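So, here come the structures, one by one.
Each of the next two complexes has subunit A plus one other chain: subunit B in the first, subunit C in the second.
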Partner chain A sequence: MTIPSGMTEATFADGLAAMRDVVGAEWVFDQPADLNTYRDFYSVFWGEPEERLASAAAAPANVEQVQALVRIANERRIPIYPISTGRNLGYGGSAPVLSGSVVLDLKRMDRVLEVNEDNCSCLVEPGVSFFDMYRHLRESGSKLMMSVPDPGWGSLVGNALDSGGGYTVAGYRGHWEAVCGIEAVMPDGELLRTGMGALPGSETWQQYRLGIGPCLDGLFRQSSLGVVTKMGFWLYPMPESMLSASVSVMRFEDLEELVRIANELEYGNVFNGMPGFSSPVLARENPIVMSMVPEPEVMNAMVAETGLPAWSFASNFYGPERVVREQWAYMQSRFAHIPGVRFAETGFVRLPLTPEDMERIHKPRFGIPSLEIFSVGSRGYGDFNPSDGHIWFSAVIPRSGQGIIAANRVMRAECERLGLDLFMFVPSVTCWTRSFVLFAAVPVYKDATRNRELRDKVREVIATCASHGWGEYRCPPAFMDNVMDAYSFGEHKLRRVNEAIKDALDPNGVLSAGRYGVWPRHLREGRGA
Partner chain B sequence: MKWLYLALPLSALAVTASVAAQSQGSQAQRGQQLFTHFCAPCHGQGAGDDRSDMLPGTAALARRYQGAKPAALELRTDLPAPVLTLFVRRGVGPMPAFRPSELSDADVAAIAAYLAQPD
Partner chain C sequence: MTTRRDMLKWGAVLPALGTGWHGAFAAAPQGLDALVLDTRYPGALDLADASMPVWRFAGDVTPLWTGHLSARWKEPGHVLGGITGSDALFVLETLAEHRGRRVVSRLALDLPRVNGVQAYRWIIAPHHPSVTA
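Moving on, here comes the complex of A and B:
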């Protein structure tokens, strides 16, 4: 068994025994067959000594049990690592960042505590998956729609805590943006409620996010400071309809104007759905990988030859039919001056959806959880073996035409130089309003030699992106230190402040050590090694 | 006397058998619910969205078996609990393992009982 480094077997055994007393022996797992299920199935360290492995896992059923487990760990300095549904594939799965940690598996805490139809909000426990929540909303006849990431087996809480994104309406699809109210067990075992939750008797915990004083919600995003046991979210009132449309332009040089106007229309609330920017002429060979953006005259010649647009902006409008049709008409008027511009209505559906609609829509755009994204990986584009999984590379870049072109060229050139495979590459993901995120899926292998090379290459890409001012918004544990290193303003003041907060709130350094490059004092020097 | 002696165990046997059938039935029923929730989003029958003609897990098995076995798990009867447990607890291809906190051994056995039922 892996035991936490620097700990005696006796102390660890005593800790596990105390944990068994709290949750019951059947909910503490320390046998290899069970622990195998806590490995990160898409780990870039698979089978190597550096693979991040849990020493044990404990699955509490309620907040009191979480508090008791945290106290047991804190008293004995046993490292612990909370997960909600543990489906963070591509960003670490259900494994801890520090090997030897005991995973606090919160899947059993799966109650939907409240859905407020009038306030359009909910309060849930960490184990509530998107599938669970969807079923709850439908069975209760709710008029609300949630936002879901592509795979529906994750949780509202775990996904939002890692800053995940979905496909629906602005303000909701950046899942952290829709959070309102957090309850967390702090490393000393005490319970904190943020926002209005701190005021006994308040009815506004899910209505007003800020409460009084510094807003502490951010302490829990991508952090190592508390075990979140409840989280509130704003939900979107189910719209009457959804209209999808596209605006396509036929010249390389029109991209800047396309993005500029689209931004203005989005920030001005003329459309509310997730925008998409693509290049039909550069996606001919592979629909999910944008090839290198060529020089303007070359691209324009490709457009002339194929008749395919140089760039396309897809927009979605959620709302009453009368309103969305007007919005779309207005949008067209704003692009009409671009020579050769083409407009197309690509879809219109009324809600609730019919079974026929369900067969032809991308479910996450309607807040419907599915696992259909996995056909992308297993269908296989390119010549890699798609079955070993992948990691995500996701860097924040400027929301402009130049942003897309620069990110595309730098990333493609780097991949070519390094011989790094990608099986999905979109330089302009818009789950989070106001910026683009360059997304790439990098295939991983159950082969140490290939993974070692892959890790070196990804580290080079992180450094190259940083030299352009692009930092990742999220990353797998293998690269957390590198990514945090890139945010280096003021001699790494960001990390140093995070470390000071860590030392103050978790002086024994037991919670989620190393997450996003923030290590407790006793592990700081070696970064957990 | 002999008759009574014989009759008792027989009726007891009948009761036991029907209880066993019932509990097998309810185990399979529970297995069906679990299958619908945990497995069917990937391994169900029917089309996917975005015009895929199969769900991802079913499509992957169709490619693997090339017609030698049905691609949809619900059309298979050769997945007893030990075999299913192996896949569920170890993961396969892009499918990660399922933890005992989300699917207990009894849950996996219930899914196996559901899949073992003739169609």
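Moving on, here comes the complex of A and C:
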């Protein structure tokens, strides 16, 4: 068994015994076959001594048990690592950042505590999966729609805490943006409620996020400061219909205008669904991989030769049919001046969806959880086998035409120089409304030599992106220190403030040590090594 | 009720069966509660004489999960056998582990790959006290 470094076997065994007393012996796991569940199947350290492994796991059933477990860990300085559903594949799976940590597996806390139809909000426990929530909404006849990531087996809480994203409406598809109200067990075992939840008797916990004073929700995003036991979310009223459309332009030089107008229309609420920017001519070999953006004349010649658009902007409108049709008509009028512009209505569906609709739609765009993405050959996944594994590379880049071109060229050139494989590369993902995210899926291996090379290459890419002012918004544990290092303004003031907060709230450094590059004082020097 | 002996039995029986499609579950071991067949592999449609529910799907595990397994795997028992691509097995294994179940047997089959995906024959059985008791 991997026991936490610097800890005696006796102390650790005593800690596990105390945990068993709290949750019951069958809910503490320390046998290798059980701990397999808490390995990161997509780890870039697979099978190497550095692989992040749990020493044990404990699965509490309620908040009181979480508090008791945190106190037990704190008293003995046993590192613990909370997960909700632990499906963070591509960003660390269910493994802890610090080897030897005891995973607090919150899957048994799976109650939907409240759905408020009039306020369009909900309050859930961490083990509630997107599938659970969807079933709850449909079985209760709810008129609400949630936003889901591509794989539906994750949790509203875990996904939002790692800043996940979906495909639906602005303000909802950035899952952290839709959070309203958090309850967390702090490292001392006490319970904190943020926002209006701090006011006993308040009925507005899921209505007003800020409460009074500094807004503390941010303490829990990608952090190591508390075990979140309840979280509120805003939900979208089920729209009457959804219209999808595209605006395509035929010249290299039209991209800037395409993005500029699209931004204005999105920020002005003329459309509300997730937009997509692509280059049909550069993705003709593989729709999920944009090849290197060539010089303007070359690209324009490719367009002339193939008849495919240089760039395309896909937009989605959720709302009453009358409204979305007007919005689409107005949108067309705004792009009409671009020579050769093409407009296409690519889909229109009324809700609720019919069984036939269900067969042809991309379910997450309608807040319907699915596991389709894991089926080889499915939309969005190409022929990459999920059992081989990959990591995500996700850097925030400027939301402009120039942003797409620069990110594409830099990333493509780096991958070529380093010999780094990508099986998905989209420089302009729009989970958030005000920036693009350059998304790439990088295959990982069950081979230490190849993974070692891969890690070096990814670190180089992180540094190159940082030199252009692009930082990752999320990353697997292997790269958290490198990514945090890149946010270096003011001699790493961001990290130093995070460390000061960590020391104040978790002086024994027991909770999620090392997450996103924030190490407790006693591990800071060696960063957990 | 699933006992530890049952699990060992299923683990032992499967490798003894053939690795072609028809041999795969021609003699389905007693005690399977359902069988899952991946229709991307030829043969999945005509293997219908099983004495247990047979659920067919084409690679996407979603309907299987929402329609059957999500509820059944919360309850004690339920031993599932399957012939599927490795992609679907990966998803089912992950779902199973978080519900106190394990793949107790897995064997690569001599079937042509589909989209490069290897077919496996496998059995998933409960092992955690909350689902075996």
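Simple rule for what comes next: the second predicted complex is superposed on the first by the 517 of 529 C-alpha atoms of A that agree within 3 Å, B and C clash if a C-alpha of one lies under 4 Å from a C-alpha of the other, contacts with A are read in each partner's own complex, and residues count from 1 in each chain.
In the analysis below, contacts are C-beta pairs under 8 Å (C-beta built on N, C-alpha and C of every residue); 3 or more make two chains touch, one makes a residue touch a chain.
In this text the structure is predicted, and so the values were computed from the model without any measurement.
Of the two partners subunit B and subunit C, it is B that touches the larger number of subunit A residues.
By the touch criterion stated above, A:57 is placed in contact with subunit B alone, subunit C being left untouched. Of the two partner chains, subunit B is the only one touched by A:359; subunit C is not. In the superposition on chain A, A:343 makes contact with neither subunit B nor subunit C.
Contact with neither subunit B nor subunit C is seen for A:487 once the two complexes are overlaid on the shared chain. Note: residues 33, 36-37, 41, 85-87, 107, 131, 135, 152-153, 369-372, 374-375, 377-378, 386-387 of subunit A belong to the subunit B contact set and to the subunit C contact set alike, using the contact criterion stated above. Listed in rising order, the residues of subunit A touching subunit C in the complex are 26, 33, 36-37, 41, 85-87, 107, 131, 135, 152-153, 369-372, 374-378, 383, 385-387. Listing the residues of subunit C that touch subunit A in their complex gives 58-62, 65-66, 70, 85-91, 94-95, 97-98, 102, 115-117, 128-130.
Residues of subunit B that touch subunit A in their complex: 37, 41-42, 47-52, 54-57, 59-60, 63, 89-91, 93-102. Those residues of subunit A that touch subunit B in the shared complex are 27, 29, 33-34, 36-39, 41-42, 57, 59, 85-87, 89, 93-94, 105, 107-108, 131, 135, 152-153, 358-363, 369-375, 377-379, 386-389.
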